[in-house]
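Below are two complexes that have chain A in common, paired first with chain B and then with chain C.
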Partner chain A sequence: MEFHGPSTVEEAVSLLASDEEARCLAGGATLVAMMNADLVMPSALVSLRHIEELRGIFTDSGGGLRVGAMTTHREVAEADGLAGAHALLSDTARAIGHPAIRNMGTVGGSIGHGDPQADYPGALAALDAAVEVRGPDGTRPVAAEDFFVDYLETALLPGELIAAVTLPPPPAGAFGAYEKFARVEGDYATVSVAAVVAMEDGRCSYARVALGSCGPTPVRAEAAEDRLTGSALDDADIAEAAAILREECDPVDDVRGSGEYRMMLVEPLLGRALRAAAAKGGAR
Partner chain B sequence: MSEAIPISLTVNGRTHRLFVQPWHTLLQVLREQILLTGSKRGCNQGVCGACSVTIDGAVVRGCLTLAVNATDREIVTVEGLAAGNELSPVQQALLDRGAVQCGFCMPGMAVAATALLADNPDPSDDEIRDGLSGNLCRCSGYVKVIEAVRSASAGGAS
Partner chain C sequence: MSDYVSPVGQGIPRLETRDKITGKAVYADDMSRPDMLFGVIVPSPHAHARIAGYDVSAALALDGVVAVVTGEDIGDHKIGPFIKDETALAVGKVRYMGEPVAAVAAVDLETAKQAARLIDIAYEELPAVFDTDAAMAEDAPVLHENSGDYIKVFEADSDGNAMAIIEIVEGDVASAWENCAAIVEGSYETQAQCHSYMEPCSALAEIDSNGKITIWSSNQSVFHVQAFTADALGIPMSKVRCVTPQVGGAFGGKMEQTVQPAAAALARATGRPVKVTLTREQDFEMIRARHPGKVWMKTGAAADGTLLAREVRIVLDAGAYADDSPGVAGIAALFCRGPYRIENVSIESRPIYTNKLRSGAFRGFGGPQVAIAGETQIDEIADRLGLDPIDVRLKNAVRPGEEWMIGVALNKAGLSECLNRVRAASGWDEKRKAAPNGSGRRRGIGVACIPHISGVLTSGAIVRILEDGTAVLNTGAVDNGQGSDTVLVQICAAALGLDVDRVSVATPDTDGSPYNWGTTASRVTYMAGRAVVAASEDAVNQLKQRAAIMMECAEEDLELRDGGRIGIKGVPEAEVGFRDISGFSHWVAGGPVIGTNSLAYDGPDFDPKRGFLRGFPFGKIGAWIFAAQAVEVELDEATGRITPLKIWSAHDIGKAINPTAVEGQIQGGIVQGLGYALCEEMVWDSGRLANPSFMDYKIPGIADVPPQIETILVEDPDEDGPFGAKGIGEPPIVGIAPAISNAVAHAAGIRLRRLPMTPERVLRTLKE
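And now, the complex of A and B:
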């Protein structure tokens, strides 16, 4: 096994492109655990820790947000002043693991694993985020919904790495909320719901919802969002939207809960997330 | 076996020059090469927290950190908490409160609690629980651990 510590993205990409079995090392929280369990043994590790341009959280002049792939969960959790619904990203980061994992784990490392039980995928889908992918042919943006392809599978091609996650300017008047149901503090979600909601005169004027741990990728349903838009988010609205979302779910049975149990969690968690997000906007 | 890589690691203020394989974890190198065996190998999966150390002041998993990726940084293990034979306030409080049962989780608990109090000298009980949420004790001795951390905190002279 070789070890490389490049200082530019170009160097890292050329190392990855020259060896299909090479893997990026970000915080190590997932990759090293898998190496310890003999699940993967890359031919080379390309450590990204010396690449400055992969770090940090920046708001652009148009109000869009860019989070470098090597930004740790702790840095995202502690980011102050994220505008409107962008703060959902911090709420989500605070729900990941525990202090040591938040100190180590990174945005890029987490989403690169493509685990639908992780916390970021749903939040990124609800925020209409894009993943900035860099490869031998340059940079390409991939919508979060297209990035997560299947269980532990992403749209990354050989030779490519995740440079950043980008969010469009937050929708006017919208706020986000992340509801995570887990067996114990720090565990992966049995089911999670990320919601972005704007309210006008007591009616929902904007809704984006994504479920985690309910299928091989984050689950979104435009029909459910359409059902919520224009409604007062009362119990019947939420029940009908949950029923539409459940049609799209294909949850597994595992130690964190049966598929049937996960299906039962969708409606109450959806209600909590929607109402928490709506409440952040105050009475409007 | 690939060729070993020369690295230097700064642990508890002392610099060690070593040869490691890329897949060697910091925990493995601490225990087997530097012979600091306070950090424990529990799950080796980042779940239990028995291997907790700090890197540049932040608590991390020794078992999920590759030694080759921990160069140029200040690593502190449980052996670095005491000043000579004088236990640190957190260690003394864990002892005084009877927080130790089998003791296997204690090095990680002591390191995590020390990092917590360095960031937040007077945490609430909820903040103490959150700060130690990544450290499992299978003897179920959490109540006394939390009491000990509270008593070692700035507001905990009781």
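And now, the complex of A and C:
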């Protein structure tokens, strides 16, 4: 197996494009574990560790956010001053694995694996994020919802890598909350809910909700968000929104819980996420 | 006067802690020998199949491969602690997916792994059974067709896939029911639990020119390793020497064979040192687990809460080979009555062969499978009779001076004290009185009691006084990380009147150590500790004998003085130090001081007149230890999650030789008990283990453990124990699941009878 440590994205892309069996090595939190278990045997590893432009968290003048693909979960978790709903990204990063994993794992590595049980996908979907993809033909933005294609499958084409995730400016007055239910601390979610909510005079004026571990990709339902918008987020509103979301779910049975149980969790976790997000806005 | 402080009762740090923290500690896989090869084991891909043939030519042709061994090469040498029913590599048949079939040694690990994939074994698949109900069906495929020919070390009936039938009958259950004011009855199911020791199984074997094999391995008894390796290879025990580097946890999982026979077979085939270390996945699939259990139980009590009768049927899923199953089934049968006086019992316990990973010893050893039944039934009885659960337990708790359990005399029993201490510390009476809070998140508190033993089988000790008057202790007891080396050194130092840093501890080595049955059954402090005290006293007597020559006096006039001196009674200034005595004995007269002791557990036995006991595979057992545990929980009614808020754990330990180590044992056992109660479960999909990794099999982490675990040490010295000490290893794991189940019943009125109590199972029960 060959090992490459390029210092530019262009070099990395050309290495990846020249060898279909090559894999990007980001933090290694998932890939190295899979290699140790003989699940993947890449012909070459292209480490992205030395590519400076893939690191860091930047806010642009318009209020949009750019998080480099090689930014670690810990860096995201500890990012100060993320505006309004953008702080949901930090909340989500804090829920990933354990300190050792958060020190190694990266945003790009996590979403590039395309695991619907991971924490970031739902948060990115709820934040209307885009994934900045770089390849032999240059840069293309892919909306988070289009990026996650199927279980362990993303929109990345051969030779492409993830350069960053970008968030539009936070919706006015909105705040986010991440509600994760797992068997033990640090496990993948049995079900997770990422919610972004704005409240005005006790009524919900903006709602974005995405579920994790409820299907092959993050689950969103505009009809559910429409049902919540304008409501007071009372029990009936949440129950009806949950029912709409459940229609979109296609969860698996596995050691983390049966599909049926995951469906039982949607309503209570949705309620907790929405109310936690609403509470962050205080008495608006 | 001496400012000597006895090391007994001091919570000193472990002797090996600094090495472990700095990474200096050496485990088997850290070792390397000149010219060493790497071995890999080939697992069976089938749950039940006949082996039709081997083709190892492609593997042998691979560059760097030195040897391949199969069951045909090592021969049909059967091993097993209770029933000799398996071979180190499968011969003729495989009986579970993951069973070792062949092994290969190569110059590096990558080559060995590649060669393992090239070994071609032809199988003819056979019908398989994956649970005990299927295995007990009339037309079930039989795993061991020739079980009648197997050597058994105990007397028991067997029946098809039931390898043993253990029965205990006392009094007359049938006629006792009519005197009962409350009778409860239920079926309970428990899961397979993985030992989850941090260090996967590993062994390094090397052979000399005389054919003597030395094995460094992770284990719980070098003497077991010596015995089963010699058995497995068909060679004399004098041709096997077993040594132990540091061990990264065992919990019962390393009590019998792991990879030592395969490593030894490869060393013999190659003439070179061979190291075999399992991956975590292989360790999950190949070694052993806690028995899944199905228990039916019925308990009856008089109106005042006096327990009158209990009837129990225990079925344990033993997996493909007997291993320690007869022992576990026997202990389950013994302990399923709980630590109570019950005059009428009728108990039957059956370990059943199935086509899955073997089940074996695991902390608690049959106790956890029956405690969830027994201890929740006590609460149900209390509930029916309108009594407090602790009051019912106190009414029935065994007391010192009584006979119980088939007429065994009980000299000491601190159970009532444990219950009283837990009641006071937990604020039990207030919390039980509190009206259940409203829906959403409910709180409750529950309790459970545990009986166990710490005296069984045999141990020895050698205490040598070195030329300078310091000492070296050799017991052959393997420290699995629980701290027994430290505790035994404290005992030895205290018995000699020395400081701990004046006593060295020898590495267990079958060529030089006295026999110790094993680091198991909560027995090392009690059994090896007794041997250490007696061997130290023997050494002191020899020191007195030498000192008597030096001081020209009678031995009877001499006394041991703190700090390593022998003096004449009543004459403070007349004394000699160990250094002078040892110099004298080494170079002038008397000979080197070598104190020794050898003992077999010698406590009171069962009384055959008091009950019927058949198929129980141990001889004398005892040095009874008791415990009471309480857990306060919060139940999230929306998700079904149970969160333990605080735990109180009181233990009748005789005397804490090292209170810090005792508390560590209690806390560790409780965390493992939380995993058993709430989240740990090995799941099979037909014959395939579905979650052989720590990604899919989850043990509790630090954030899953309540911030407060209050340990309560009840110290009433045992007459025979070293400085009064008894054991502590196992009881802390046993009561957690039933205490939580009882707490949930208190919180929400539901009865959980299946482990683990996952949020999904709880939520479904809540919605029923």
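Everything that follows uses one rule, which is that the second predicted complex is superposed on the first by the 284 of 284 C-alpha atoms of A that agree within 3 Å, B and C clash if a C-alpha of one lies under 4 Å from a C-alpha of the other, contacts with A are read in each partner's own complex, and residues count from 1 in each chain.
The rule is simple: contacts are C-beta pairs under 8 Å (C-beta built on N, C-alpha and C of every residue); 3 or more make two chains touch, one makes a residue touch a chain.
None of the values given here were measured: they were computed from a predicted structure.
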So, after the overlay on chain A, do chain B and chain C clash or fit? They clash
Review point. Who does A:203 touch here: chain B (first), chain C (second), both, or neither?
Key: neither
Tell me which partner A:185 touches in the superposition: chain B (first), chain C (second), both or neither. both
Self-check item: Which of chain B and chain C A:258 touches, first, second, both or neither
Solution: second
Notebook entry, point to check: In the superposed arrangement, which partner chain does A:101 touch: chain B (first), chain C (second), both, or neither?
Noted result: first
* Tell me which partner A:268 touches in the superposition: chain B (first), chain C (second), both or neither. => second
Of the stretches 21-29, 93-101 or 111-119 listed for chain B, the one clashing with chain C is residues 93-101
Residues on chain A touched by both chain B and chain C 33, 36-37, 98, 185-186
Listed in rising order, chain B residues that touch chain A in their complex are 2, 5, 21-23, 25, 44-46, 49, 52, 58-61, 63-66, 68-69, 112, 115-116, 129-131, 133-134
So, in the complex, the side of chain A touching chain C is made of residues 33, 36-38, 98, 181, 183-188, 190, 254-255, 257-258, 261, 264-265, 268-269
Within their complex, chain C touches chain A through residues 113, 279, 281, 638-639, 641, 679, 681, 683, 690-691, 693, 695-704, 758-760, 763-764
Seen from chain A, its contact residues with chain B in the complex are 1-3, 5, 25, 27-29, 32-33, 35-37, 41, 45, 47, 49, 74, 97-101, 103-104, 185-186
